[in-house]
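In structure tokens below, several structures.
Two complexes come next, and they have one chain in common, chain A, joined by chain B in the first and chain C in the second.
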Partner chain A sequence: MSASTFAQHFLTGISLGGAYALIAIGYTMVYGILRLINFAHGDIFMISGYFMIFAMASFPWYVAIPIVLLGTILLGVVIEKAAYRPLRSSPRMSVMISAIGVSYLLQNLATYLFTAIPKSYPEIPFLKIIFQFGGISASLVTLITPVLTVVLVIALMQLINHTKMGMAMRAVSKDTEASRLMGIKVDSTISMTFVIGSLLAGVGAILYFTDRMTVYPYSGSLPGLKCFVAAVLGGIGSIPGAVIGGFIIGICETFLVAFGYSTFSDAFTFLLLIVILLVRPTGLFGEAATDKV
Partner chain B sequence: MRRKVLSAMMILSLAAACLSGCGKKAAETEAKTTEAEKTTEAAAGDAKTTEAVTEAAGAEVTTEAKTTSSDNVIKVGVFEPLTGENGGGGVQEAQGATYANEQRPTVTIDGTEYTIELDVVDNKSDKTEAVTAAQKLVSDGCVAIIGTYGSGCAIAAGPTFADAKIPAIGCSCTNPQVTSGCEYYFRVCFLDPFQGSVMAQYAFDEGYTKVAVIDQLGDDYSTGLANFFIKKFTELGGEVVTEQQFQTNQSDFKAILTEVKASGAEAIFSPSSITTAPLLIKQARELGVEAPFMAGDTWYNTTIIDNASPAYTEGMVCSTFFDEADTSNEVTVNFVKGYKEWLNADSSRIESNGGNDSIVGNTALCFDTYNVICDAIEAAGSTDGEAIKTALQGISSEGVTGTITFDANGDAEKDTAYIDIVKDGAFEFLKTVTVQ
Partner chain C sequence: MSNILEVKDLKVAYGGIEAVKGISFEVPEGEVVTLIGANGAGKSSTLRSIVGLEKPVSGSILFQGMDLKGMGTETIVTKGITLVPEGRRVFANLTVLENLRMGAYMRKDSLEEDMNWVYDLFPRLKERSWQPAGTLSGGEQQMLAIARALMSKPKLIMMDEPSLGLAPIIVQGVFDIIREINKQGMTILLVEQNANMALRAANTGYVMETGRITLNGTGKKLAEDESVKAAYLGKARAKKKS
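For the complex of A and B:
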């Protein structure tokens, strides 16, 4: 493999990893607070892709992007209020089944409304500028994705570690009951988590779909599952973990294909999930649960 | 506790992956039509409206067929999905049969003129329904069967026709098992893998010596075409510089395409679904891969041009069963002219055809099927199923889609396919390619 081919693969890998990381954060944050795997997260990501198609049909991109992000946030919060909040005191399994239900609902709703024919994702002109240096060729979005991911994650870490809202989130994630007693509005804190998760999924969707150009009702399912694996790999509940997990999976997948093992690239991701659960169930950066009885 | 929950989740997520995989597959197989717009809509879960439309069309076809009944009547079954997933394609085929029946309403056996009556049944794109529908055709006393669109239903109904010793001829069902698994099943279209050989011949004729192949893992259509392409192209003296495989649901082809770029291929053969096509094309151009794309009949679909942008698809080539712009054959020219007039005479026919008067391969193949059956009945001089079957094996019929003869398996022996190229954002007939 020549140096330029290697560089091209590496670029593809970190770009893919960046998009995965943004989605994985959504999984990890919701898990951190609610102990719930939000299976609908991948589908929120997919619907966000459709939002962009409709927004770009009537507005220029600088208006369309905020509309899409707002729409995605709204969708995330509505799902939380409608499908998860009423089940807050139910067993955890019920909420998870509800999440799976929402996931299928969104997929089938999208099939019903937009048909299963893949729809072309609108092009945001400046993101598609193609750069060439040496043997490497990439569009701006490929270069921007990992950078934007890192910037967003740093901002998010600041939010969580240095603001009141962040403190509330950490408190709720440690102990919901106690934080309620301390006067934290648990429901609005949870809503805020969904706002952040959906916002990042919205940003991820713009980057991911601009690079991959088509949206269809199932385009959120496989990336969703992979990002879930990324979150588990990094240690579910840990934000830096989810980001590292996303990058690891993105890069590994790309290089597996590059070495001619394209057959195994998906299998590898899920094998990784099994191995990490067996060897280190808390993930790379997860804290060991200290359940006091 | 946490570990247990996680492992439960893992199982669930794997199950979810399987299920979503299935959904995708259905959406993809449906894309294997030559003119998929209508069909895809049906499969897309918008089945309700399409069903209504196709049902109306089905009813129309039936009533038209029944008005021709008289004393000396031979019944020919039209076994097609008028509703369900493949409703769109099925109706297009049924219309081809209806038109053919209007053009040639009688056959002559020993100097006696017999009227042919079409008996249209709806197999609802469903394998269970297909058997029931086939049984109805058998009990109605049909002497031969036309159809069906969708190989699955043809395979399911095969034994029913074989037990009753009634020959059936498929129009566009391309799965090898349709004929290899049933002695009484024939077909007039070429098999999928044949297109691979055709494209190899085309690539070689164009002067390409280094070609990259990209195919979809676990997809019979894709790997079949790819294997035949590789075999033929290597035989002709070309070199397949790299073969890359991707998975169902994959949307990121950058790694694959980087390898293709590094291999220095002059052209890329990538038989795959219409979902994959625009992704491949766009990502290739972005990575600076300039080699033209070649593919099989699934790519003969305008949604690809729309999704991948006309500038990127310029020069893309694909093979297809039939092209109405082919003027090299007089039978074809007459058929195209006559059928367009017939379609335009009634707005409901236009609607069933997919909203315009462009003629898809399925219709042409079904027209040929009807004529092959008529020729076989006349050649056999009898309406006995066994006699017709024997006649079919020795028949040579000049059809719209080329000369039709059958091999021992019951497959049409064709040596020609149509090649279309994208020019100025639209498919344009390029030439016919004959494999030596």
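For the complex of A and C:
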């Protein structure tokens, strides 16, 4: 493999990884605060793809994008309010089953409303501009994805580490009852987590589908599972971990395809899940136990 | 002196089992009141229902004449009640400074003055302000839990077994702090199993047994009461040994 093909694949890999990272953050944040694996997250991402198709049908892209992001946020928050909040004091397993239910509901709702035939994803013209550097060519979306991911993650880390709201989120993730005693409104803090997770999934959807060009009712399920693996790989609950996990899976997958093993690229992700659970269940950046009992 | 807190006929139950079976007591402003009793007497349940973490079956809780019934914990704490929970419950993943700022979460005014105040009370916390709270020793975590509660500028601070699991010398330090903040005008409702220390620090004491108040009186009077001595102050056992 020549240096330029290597660079070409690497670029594709980090671009895919960036989109994965944005979705993986949603898994890891919700897990961090609720100890819940939000199986519906991948389907929120898929519905966000459909939102874009309808928004672009009637608006220019610069109006459509904010509409899509707001719609995705709303969907995430409504799901939390309707399907998870009433189960706040139930065993964790009940909430997880509810999440699986929401996932199937969204997939079937999409099939019912939009049929199972893939719909073509609208082109946002400027994202498709092709750049050439020597032997490498890439569309703007490929270049923008990793950069945007890193910028959003830095902003998110600032929010979590240096604002009052971020502090409240960390407090709630550690001890809900003690947070209540501080006067923190736990429910709205949890809603905020879903706002952020869904917003990032919405951004991820735009970047991912612009490259893939079609959306169908199950287009969220496999990427969703892969991003969940990315979150576990990085150490579920850790935001930097989810980002690094996303990039690792994106890059590995792209290179497996490049070497001609595309049949195994999905299998590899799940093999990775098994290996990480066996070897290092807390993931690369899993929560260090600082609790003193 | 007026009562800052009045509890009347409070009943608390968990799934049909009554933990608190109709108790009444009041906390006069500026005093230290203690509830003592063995494990399972209903002391913690009483504190938890005052702050809204448990829903009482019946009875009333009046704070400065205001009925707290039906209010959520997030609302009750804004009225000026705070609870230092049993087992400290500091946010292990947050730094000491962040824990203190969480204590002042609902305040919008400047924290600087109170920050200096709690750092004066607990100089160790100032030294460790950038350390994650999880790395502190048990005694330091208890100090942090109290300091965090003070940061909300409460009118009434309730403490649930602040001496639990601490070395005797540290326990002494905790009670010194209780006396000190009381001297500065804070009203304190203290729940303890360490009856000896609690009664010596308190103006008024109530003895709880299996959900009922069986005795009350001034801290001094209770500390000298024979039945209290026998049950909680280890007097009976000491006699047997000698």
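Everything that follows uses one rule, which is that the second predicted complex is superposed on the first by the 287 of 293 C-alpha atoms of A that agree within 3 Å, B and C clash if a C-alpha of one lies under 4 Å from a C-alpha of the other, contacts with A are read in each partner's own complex, and residues count from 1 in each chain.
In this section, a residue touches a chain if its C-beta (ideal position, glycine included) is under 8 Å from a C-beta of that chain, and two chains touch if they have at least 3 such contacts.
Just so it is clear, the structure is predicted and the values come from calculations on it, not from any experiment.
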Should A:Lys185 be classified as contacting the first partner (chain B), the second (chain C), both, or neither? second
Please work out whether A:Ala171 is in contact with chain B alone, chain C alone, both, or neither, and reply first, second, both or neither. second
For A:Ser89 in the superposed arrangement: first (chain B), second (chain C), both or neither? neither
Looking at the overlay, does A:Ala116 come into contact with chain B only (first), chain C only (second), both, or neither? first
Greater residue coverage of chain A in the superposed arrangement, chain B or chain C: B
Shared contact residues on chain A for chain B and chain C? 291
Write out the stretch or stretches of chain A touching chain B in their complex. 1-2, 5, 8-9, 12-13, 16, 35, 37, 39, 92-93, 96, 100, 103, 107-108, 111-112, 115-120, 128, 130, 132, 137-139, 211-214, 216, 218-219, 221-222, 225, 228, 232, 236, 253-255, 257-258, 260, 262-263, 265-266, 270, 273-274, 277, 281, 289, 291
Residues of chain A that touch chain C when the two form their complex: 164, 167-168, 170-171, 173-175, 177-186, 290-292
Which of the residues in chain B come into contact with chain A in the complex? 1-3, 5-10, 12-14, 16-17, 20, 23-24, 27, 40-41, 43-46, 217, 244-247, 249-252, 254-256, 258-259, 261-262, 274-275, 278-279, 282-283, 286-288, 303, 306-308
So, in the complex, the side of chain C touching chain A is made of residues 51, 53, 72-74, 77-78, 82-83, 85, 89-94, 98, 101-103, 105-106, 132, 134-138, 141, 148, 152
